[in-house]
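Two complexes come next, and they have one chain in common, chain A, joined by chain B in the first and chain C in the second.
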Partner chain A sequence: MIGRIALNAFVALVAAFLVLPIVAVVPGAFSAQSFIRLPPETWSLRWWNTFFADPSWRRTLISSLQVAMLTTFVSATAGTAAALGIARCGPRVQTVLTGIFLGPIVTPVIVMAVALYAMALSTGLVGTMTALVAAHTMMALPYVVLNVGVSLSGLDRRLLLAAAGLGADPVRVFQTVTLPLIAPGVIGGSVFAFVTSFDEVVLSIFLAGPAAKTLPVRIWEEIRVEYTPVVAVAASVMLVLALMAAIGSRFAARKLSP
Partner chain B sequence: MSFAGRLATAVLLTPALLIVGLAFVVPLARLVGRSFNSPVGPFAAYAQVLGDDIYARVFANTFFFAVVVTIISLLIAYPVAFMLTRLTANWRAALFSCVLLPLWISVLVRTFSWMLLLERNGPINRVLVGSGLSDQPVALLFNHTSVLIGMVHVLLPYAVLPMFAALVRIDPALLRASEGLGAHRHTTFFRVLLPLSLRGVATAATFVFLLSLGFFITPALLGGSASITLSMLIDGFVNDRLDWPLASAASVVLLVAAMVVVASVGRFVSIGSMAGVHR
Partner chain C sequence: MSAVRFQAIAKSFGPVQALLPVDLEIAQGEFLTLLGPSGSGKTTLLNICAGYLEPTSGHLFVGERDITGLPPRHRNMGMVFQNYALFPHMSVAENIAYGLQVRRFASEDIRRRVAGALQMVRLDGLGDRAIRQLSGGQQQRVALARALVIEPDILLMDEPLGALDRQLRKEVQLEIRRLHVSQRRTTIYVTHDQEEALVMSDRIAVMRAGRIVQLGSAVDLYERPVDTFVAKFIGESNLLAGIVVSLADGRACLTVSGIDQPLAGTAAPGVFAGSPAAALLRPEAIYNRAGGLKAKVLERVYLGEIVAVRLSLAGGHELWSRRLAGEFSASDIVEIGWDANVVSILPNASDEPQLGGTNAE
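What follows is the complex of A and B.
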């Protein structure tokens, strides 16, 4: 009995340890002073005004959203196609292909950052949107391939045969049978891709430049020197957008699952 | 498969393979090539990275953090994973949300939060001083402790999920049988529960250790001058010293370390399942 209570208390503490520190940054964004102290002694919205009135902060937010949307589009299309392609191969080729696509997940991010930075330097792509989207897509692709792969493995092949037997050509079978059935995987993978790109810091620090700078890169630059509560605003914006994606994907998954 | 069928498969795979080829395989291959391209000799960069006493401390730091973070994460995560298998549906969903929520939030935001919490004038120090536990604010930030706290916080979910996946497959009747036969609770844990969930523990350990080795943001922001890790060293080689052979050689050392971890456990731990637990 005592063991049971101790276990409950321990798990409750861990749950608090997991969640509470994340939201700790939010009150810091509502400080009236020019420094962050938790909780603030006087509250105000002045740093929110500063954030949204400053064109350079606004630009980083817009860049972040642009990069994330482009990454989502490219990785969702290429990843879904790849998952469909993998499903058509023999078991041995499947293992090799899955291994190739999982590579970016097990490679330390800093190694990828240095490798991509060197590549971007020699191709003149440092500080461009292209470099950021290419790097983020490489990171996001595995999640799309895996998610769609899981959906595909649960797909009843007889439905495809039935559609083809009834005279539908492959394109029509894909549009009317395959795609609706794997939609949860595609949407789940796309949301992962969006958040992976939107949250990504390490690759972006190396690849970003004045012309293409994402929100996390700007936050990183600020907190390494001296920061005001406007950084807490920026962090809160990232937090809220990521949470919206998390909740949105929950809803989509519930709606789509039969 | 017919020729048209093969062609369709190739067309489906081409875009993704191009992306992985151009943004993953080629840059990595060039980096490996560059590590042998020091003006002094092909292995000069490796000799310098592996032979220097200061760099040896950085390797030791990196390994120390990875081992300690892995052990702490496993010890904290196991009871949580076990609890997840025992709760009613609603409580389980709530606890699951607590475990999964952090994975959606950028590591940078989470680390920044810890900077604010552990600060000299931060809330934790004020509680310590206010409650009389300490006479003056404690240096919680910019040392090994803050790095360990931040890393465990980020990596804990990766430890909980694979262990939950293993624990949930164990038939509760086995535990009841063990207790019914008169085994002490410790015996049941060490002789039944732990052996049956060992594969999940191994997957969790692998994933946490692998991610710890390459951690950059958290040690860079929370660590002090004594807690430099390999990823920070690589960053310094590139951005401060502009020494590409050194940066490349240090990166290859990290890459090989990660590959050794994956290869040595790859037989009984599926990398796909590790990636699958993500979010």
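What follows is the complex of A and C.
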């Protein structure tokens, strides 16, 4: 009995350690003062007004969403195709290809940033949304390949044979059998892709220009100048959007899973 | 004209010969079973017929048409898979409708045919169920309905009853038989279960190590097996190994070590004087005969309608009998006999290189 209480208490402590620092930013956003103090002495929505009234904050939020959605679309499509292709290879080729596709996850981000910056400079893409989407896709693609790969490994190949035997051509087999059955993996991978892009900051600092500045980059710039609660508001906005993406995907996956 | 004809169909997987050139014709409306142990090539042959595997050599004909290279979707065959391969994300009715939707039937027509198919396999009213809500036997029927509703030229079944318990297996066997009798659809059925083969088939092809060892009706295989392998595979059998001492007019005599009298029986082709062979004695042919061969009772097994007795003969041979009358217990000595015309003298199954064995160069 005591053991169980102790265990539960320990679990609660670990959970608090993981979650509290993140949640703590939210009350900071409702401060009435010009600096972040926890808990705030007086409460107000003042900084939320500041955030949404300021065109530069709004613009970065919108371009963050644009970049994240484009990244999600590109990496979900390309990653699913890649996972399908990898699944058709022999075991040795699979190991090699999976290693290559997971490369961006294990490469230090700063190394990637330097490399991509050089590439973007020579192609004149620095400061464009194209560069951001391409860079974020590199970071996001592995998660889609991994998630879809797991779904595919659980897919009974005989279902595809059965569909073909019933007269379906390969496109139809994919639409009616493969895709619905790997949809949970595609959705899971897409959420990872979205979140990866949405909070990516290192590559974005290198590649973003005035024309395509994302929210995390703006937050980074802001706190180097002054540490006002508007940063906490921006952080809270990001937190809510990321949570929504995660929760929405759970619902979608549950609805789709057989 | 045959419905399906395999012409020297062979298949290798890398260096492994899964199927030696096989010739086989299946008549229109026939129920043919490919029977054999695992690795005998029976599923390979079925998958070649369905188009899931391409043969290394040979040709496959449906009617007069060579369909060797035709993809599965153009073959109009209905396949029932071992674990059914039902689409888990579709309802029962959607599973059955799949082949019809692919064929662009009108939705009203699809509804009618699906309802008919459900009725045919006695699943009326379960069309809206999810697959995972069905029992194994019901899933099996859905798989059968899905394969039959497209009115395939040929129905293919790959160990469809393997996952069912014994009682259910018997029921579904009879149901498949009933459907076959009413529809007379050309069927190729794969199993390793000889009872299934005997109950359902018009003809049975016994396969071993990538080739058809014997092709015939259940009666042919049971009464005239070509060698010891088929004899062991079909029905219960006692085989006494020995040497052929005489052969004349289709009758052979076999000396068996430890037994004074040579055993006389009908000689199968491939039995030669002076060569090793085996005498086949079915358990139901062995009965009590005063003054007959002396045998020691090893065990007595009660099987309900009959009692099976395991006997030991001089020379260490063991026999099962299913016709011994009287009360006796282990170690009793009984005197047994059999009619000479029920004995078959069979060649030993040749010890061909097993699949994946020595022919790997």
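One rule holds in what follows: the second predicted complex is superposed on the first by the 250 of 258 C-alpha atoms of A that agree within 3 Å, B and C clash if a C-alpha of one lies under 4 Å from a C-alpha of the other, contacts with A are read in each partner's own complex, and residues count from 1 in each chain.
Note that in this section contacts are C-beta pairs under 8 Å (C-beta built on N, C-alpha and C of every residue); 3 or more make two chains touch, one makes a residue touch a chain.
All values derive from a computational prediction rather than experimental measurement.
> Would chain B and chain C fit next to each other on chain A once aligned, or clash?
Fit - chain B and chain C, as placed by superposing on chain A, sit side by side.
> Quick one: angle from chain B through chain A to chain C, Cα centres, nearest 10°?
Angle at the centre of chain A: 90 degrees.
> Look at A:Val195 in the shared chain and tell me whether it touches chain B only, chain C only, both, or neither; answer first, second, both or neither.
first
> Identify which of chain B and chain C touches the larger number of residues of chain A.
Counted on chain A, the partner with more touching residues turns out to be B.
> Which partner chains sit in contact with A:Val177 here, chain B, chain C, both or neither? Use first/second/both/neither.
second
> Looking at the overlay, does A:Thr77 come into contact with chain B only (first), chain C only (second), both, or neither?
first
> Could you say whether A:Ala163 touches chain B, chain C, both of them, or neither, answering first, second, both or neither?
second
> Mind working out whether A:Met238 is in touch with chain B, chain C, both or neither, as first, second, both or neither?
first
> So, does A:Ala115 touch the first partner chain B, the second partner chain C, both, or neither?
The first partner, chain B, only.
> Once the shared chain is lined up, is A:Ile5 touching chain B (first), chain C (second), both, or neither of them?
neither
> Touch test for A:Ile100: chain B only (first), chain C only (second), both, or neither?
A:Ile100: touches chain B, not chain C.
> Report, in whole Å, the shortest distance between any C-alpha atom of chain B and any C-alpha atom of chain C after the two complexes are superposed.
The answer is 10 Å, the least C-alpha separation in the overlay.
> Kindly list the residues of chain A that each of chain B and chain C touches, one partner per complex.
Residues common to the chain A contacts of chain C and of chain B do not exist here, since the sets are disjoint.
> Contact residues on chain B for chain A in the complex?
It is residues 1, 5, 8-13, 15-17, 19-20, 22-28, 30-31, 34, 76, 79-80, 82-83, 95, 98-102, 104-110, 112-117, 121-123, 153, 156-157, 185, 210, 213-214, 216-217, 221, 231, 234-235, 238, 244, 247-248, 251, 254-255, 258-259, 262, 271-272, 274-276, 278-279 of chain B that touch chain A.
> Residues of chain A touching chain C in their complex?
156, 158-159, 161-169, 172, 176-177, 180-181, 256, 258
> Give the list of chain C residues in touch with chain A in this complex.
50-52, 71-79, 81, 83, 85-89, 98-99, 102-103, 130-132, 146, 150
> Quick one: which bits of chain A touch chain B in the complex? Just the residue numbers, please.
Going by the criterion above, the answer is residues 3, 7-8, 10-11, 14-15, 17-19, 21-25, 28, 36-39, 74-75, 77-79, 81-82, 84-86, 88-89, 97-98, 100-112, 114-119, 134-135, 137-138, 141-143, 145-146, 150, 170, 192, 195, 198-202, 206, 216, 219-220, 223-224, 231-232, 235, 238-239, 242-243, 245-246.
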